[in-house]
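Each chain gets a letter, A, B and C, in the order it is written, and its residues are counted from 1.
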Amino acid sequence: MYQWARELYPMCRSLTGEGTRQTLRFLQERLPGMRLVEVPSGTRAFDWEVPLEWNIRGAQIRDMSGRVLVDFADHNLHVMGYSEPICARVSREKLEHHLYSIKEQPDAIPYVTSFYERRWGFCVPHRLREALGPGPFDVWIDSTLAPGSLTYGELLLEGESSREVLLSTYVCHPSMANNELSGPVVTTALARWLMAQPRRRLSYRIVFVPETIGSIVYLSRHLEEMRRRTLAGFVLSCVGDERTYSYLPTRRGDTLTDRVARHVLKHHAGSFDAYSFLDRGSDERQYGAVGVDLPVALMMRSKFHTYPEYHTSLDDLSLITPRGLEGAYEAHRLALYVLEHNARWRTTTICEPQLGRRGLHPTLSTREGARRDVGVKGMRNLLAYADGRLDLVELAEAVGLAAWECVPLLKILEREGLVVRVEEGGARDELREALGE
Amino acid sequence: MYQWARELYPMCRSLTGEGTRQTLRFLQERLPGMRLVEVPSGTRAFDWEVPLEWNIRGAQIRDMSGRVLVDFADHNLHVMGYSEPICARVSREKLEHHLYSIKEQPDAIPYVTSFYERRWGFCVPHRLREALGPGPFDVWIDSTLAPGSLTYGELLLEGESSREVLLSTYVCHPSMANNELSGPVVTTALARWLMAQPRRRLSYRIVFVPETIGSIVYLSRHLEEMRRRTLAGFVLSCVGDERTYSYLPTRRGDTLTDRVARHVLKHHAGSFDAYSFLDRGSDERQYGAVGVDLPVALMMRSKFHTYPEYHTSLDDLSLITPRGLEGAYEAHRLALYVLEHNARWRTTTICEPQLGRRGLHPTLSTREGARRDVGVKGMRNLLAYADGRLDLVELAEAVGLAAWECVPLLKILEREGLVVRVEEGGARDELREALGE
Amino acid sequence: MYQWARELYPMCRSLTGEGTRQTLRFLQERLPGMRLVEVPSGTRAFDWEVPLEWNIRGAQIRDMSGRVLVDFADHNLHVMGYSEPICARVSREKLEHHLYSIKEQPDAIPYVTSFYERRWGFCVPHRLREALGPGPFDVWIDSTLAPGSLTYGELLLEGESSREVLLSTYVCHPSMANNELSGPVVTTALARWLMAQPRRRLSYRIVFVPETIGSIVYLSRHLEEMRRRTLAGFVLSCVGDERTYSYLPTRRGDTLTDRVARHVLKHHAGSFDAYSFLDRGSDERQYGAVGVDLPVALMMRSKFHTYPEYHTSLDDLSLITPRGLEGAYEAHRLALYVLEHNARWRTTTICEPQLGRRGLHPTLSTREGARRDVGVKGMRNLLAYADGRLDLVELAEAVGLAAWECVPLLKILEREGLVVRVEEGGARDELREALGE
């Protein structure tokens, strides 16, 4: 995953344009079956409209001696996203209105965009801004804002059931690592894991979209089926560093997605920073909007807006690590595993079954005896709580184990004919629950 | 309000009689439209009966030298409420059985009544009691207990809806300030504010009654319509000092009244002393009784029974202050404002609307940008949570603002066509909620 | 109770056999009406089968000089429960495989059984084990494992209603006091108290069974009627020492049984150790099993598995005390009292009744007045909360009194015609609640 991120890092992504297409093609090579979709500029999507396509080839600020002071070639954050083209000689004073920097972080290039109003601008380290001479300066931005299209990637993995899990991530930020590249690479790794599974109970909808407008466009084309089919979902964002784990729940906060995610983070991460939907900031804003109401949440490492490097050139490849990516990957993989195995189980015997006869329990009763054996204790507790109403997560919480520790024990009990799945109720309830009903 | 309290202070109020009538007339002059109602002695009201009317002109204890030791003219608390007339020479020992004082508060005259059994008595500072000579004494109480009537005041303010809010306060305590006069004066000020409103969505029922028997008599005449119409209600008592804020909830504790009151006190007072219905003591006992079940609570300053001056002559005009009255007035005014504007809102767009286009959001995206602007953040959060189910208080709690901060933002969004009211559901639910169903 | 325990202590109880029968006959003499039931070996009961009957007459380990090293006559824990007969000369090494001791408790004889697989063994203090010579040894166990029957005791006490309370305890442990004998003797004392009541609203099902197999056999014969009739129930185990009180709830944890038991322990014991159904260990495992779902819990003193003497010869008559037994007896007696008097009450008046007229309230109103009188305060609060929906426990919790303090006050109010029972609703709701619905 880290290697992919390194290769994707230099590409200049935005809401639209070649950098984003190039990124999606790179992922497509690793995800056979993924479709790239082009949506023409001007297309309506609910309250929005697909903007013009933006492409940029270069940009510079030069002084009168021709010395290059700022060069897009050095860092693609140097140009404000969606800058219109310009080629002019401007005074220092005029230039000031088009410069963006962060006084408190004098070495950071800020990430600034103006997607929905025509502007041009340069983003620079504050230190450099102060070192600029009296001017005048030659500013030049070789960009185009023209009718074209917005591009997104879609990968559908069919399973035995039409109920599906949504994985959504975004591909619209230029060279930034935790808040952006970690998302697409972890999502790609998860998709490859899912494709490698011999059997999938659930279907999966995996989308790579430019943030906000991309998810809105995608929803405008698939809302009804997604509302009908979506059981749970995650937006993958900020999943690359090692500092912490964070959870941002659905608006309702009690859907199947939330129960699974909290259970996974509790057992996988131990502790995590719990946020509210008030702290939302990525495409969960659209998936969780009133009238859309998909049960989509985020399991993150360091949450957007909360770490100092956020939305600056300091959010680079040194911020994310293979271990950081791996931890987030594992959390999501476990969540998908739990969803795949989620069901309700019911015991088949009245009163406790005779486990000793089946070699599942020591026949010698000493004070320590059974209590030493975690497996025996787990099976006895699962039998005690498997009432056909609790689903896997509730059952695991009831007996104090991780869901993925319960699954193998439940399979032994199932093989012995001591528990059966209550698929029907399960399915209906899960769906009801997913819809927060 | 403080000036009104000063003028009302000397009048000798009781369950019945001229002092109470005089008080009600004083308020009537300030509340055009208020009716004074007379209910004859002996009238049945549920398990109760209107008592004889009590009036008193004077009372004294004199020693043999004719020196006046205790004089009703000095303080109307000197005579036990509903004392029967007496004119006799009594021994010190006999007198003892008719004297009331508080050892722990030697300078305080206690407030003592005997409404439902014939007695006579004098209330005196313990210090004075101990200074009384050996006697005998001439005691004289010029009072009358005779068929007459109980008097209450009623002001009905019609609004667009028949659903109404009850404001109830009592007018039966002699010269005491926090526990009594603060109630009628704050209620009067609120009524004047309501009358001054250009438009009222709700109706208001404002009653000034003698405590207990008065509210029972009033309920015996209006129970059915009150049960049908009452959305929320407050008893105004102990709303004059500056020491603290207190909340005494409805019996169920989760009605609309409770949600509104707690929200108001949290945002207006910050912290407050939370009591239970077990701590009830005024007319909420009747309004909240089983079979009456009106959602009536109290937002107080220092709660009755909890402050040392309670029910003594020390509860005088020095205990209440203009600022104390103002704070309680404001808490109730805000609660009425929230009730007036309470509704459920629902967004009209699917996914987030494009606020930038409407000038409701900065078009330049920098890291700080939108997050600095409270209004923008508030509107975005209101749009995210306005699902047509949350009412104003729930919506305000969800986004972490005071309801009165949300109303103007919701009006902007309504004007822009981004949210609509779900009056119907709202109304029904509110009513259901008010009835605790 | 302590005296009974002393007399029962020497008998050698097991799942089956004469020791258990002898114990049950001893209790039968004190419980006229109790039936002893014999269930033949081999009888199926759900997933189980009644084992062969085990009887033992003696057992010894002797050295070559004929000196007796271990003798069943000294302590019946010396022989592993259900040991098959043996008479042989064995080497020290061979013997080792049949010796059980606890290194950490060198003076304790452990309690070991092998009910469902044929074994033979001796249980000895670790100190003695180490002092055994090099051998060889003559081991001799004069036991029989032969078709016979399992014996249990059943006492049914009919009441006015067919809804019943289950009391279950076990009679299968050899000489141990807290974990076992405390249960049968406290249960017997409770049964005698119930038989002495002039009037019983509820019926009672009191069973003395060998643990696990006994309750399973009993359930296999009475499940349907028990599911239909059982309102609440308790397993009596570990109710003899003075160290603490413990509570082990039903699986659902919110049934009538749980509400009553927690209320009783809070007011009777003050504090108690709260466990979860995960900590279960006695016949609540069967009564609370999925598909059985009887609301059965345990109010214990020191819980099984939690005290060092558990399942060893140290759990002897010095561990339990008359005071310890008495405290547990009282907790259960109070729980039965609450269940007997449980109902829903509703006030008959609208608004508060006039208590003064009925001599239930002082007619003189002073600041202290009514608040001093607990009874008056209790009655006023009961009247305020008796809405026909709260049952006795809920009502008691609402007014902050113990249920048994409320009953006499409610009876006064009932006599005065101020409250009535809402039996119907009550009964249905209780039942629904008992079934956790």
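As a working rule, contacts are C-beta pairs under 8 Å (C-beta built on N, C-alpha and C of every residue); 3 or more make two chains touch, one makes a residue touch a chain.
All of these numbers come straight from a predicted model, not from anything done at the bench.
K.L.:
Just how much do you need to spin chain B so its Cα atoms sit on those of chain C, in degrees to the nearest 5?
P.N.:
Angle of rotation between the two copies: 120 degrees.
K.L.:
Examine where the copies chain A and chain C touch and state whether the two sides share over half of their residue numbers (same) or under half (different).
P.N.:
Mostly different residues.
K.L.:
Report, in whole Å, the distance between the mean C-alpha point of chain A and the mean C-alpha point of chain C.
P.N.:
Measuring from centre to centre gives 54 Å for this pair.
K.L.:
Residues touching two or more other chains, restricted to chain A: which are they?
P.N.:
Within chain A, no residue touches at least two other chains.
K.L.:
Using the touch rule from the top, collect the residues of chain B that touch chain A in their complex.
P.N.:
For chain B paired with chain A, touching residues are 346-347, 349-354, 356-357, 363-367, 371, 381, 383-388, 398-400.
K.L.:
Along chain A, where are the residues that touch chain B in the complex?
P.N.:
Residue list for chain A touching chain B: 45-48, 100, 102, 110-117, 119, 212, 215-216, 219-220, 223, 251, 277-278, 280, 285-286, 288-292, 305, 310-312.
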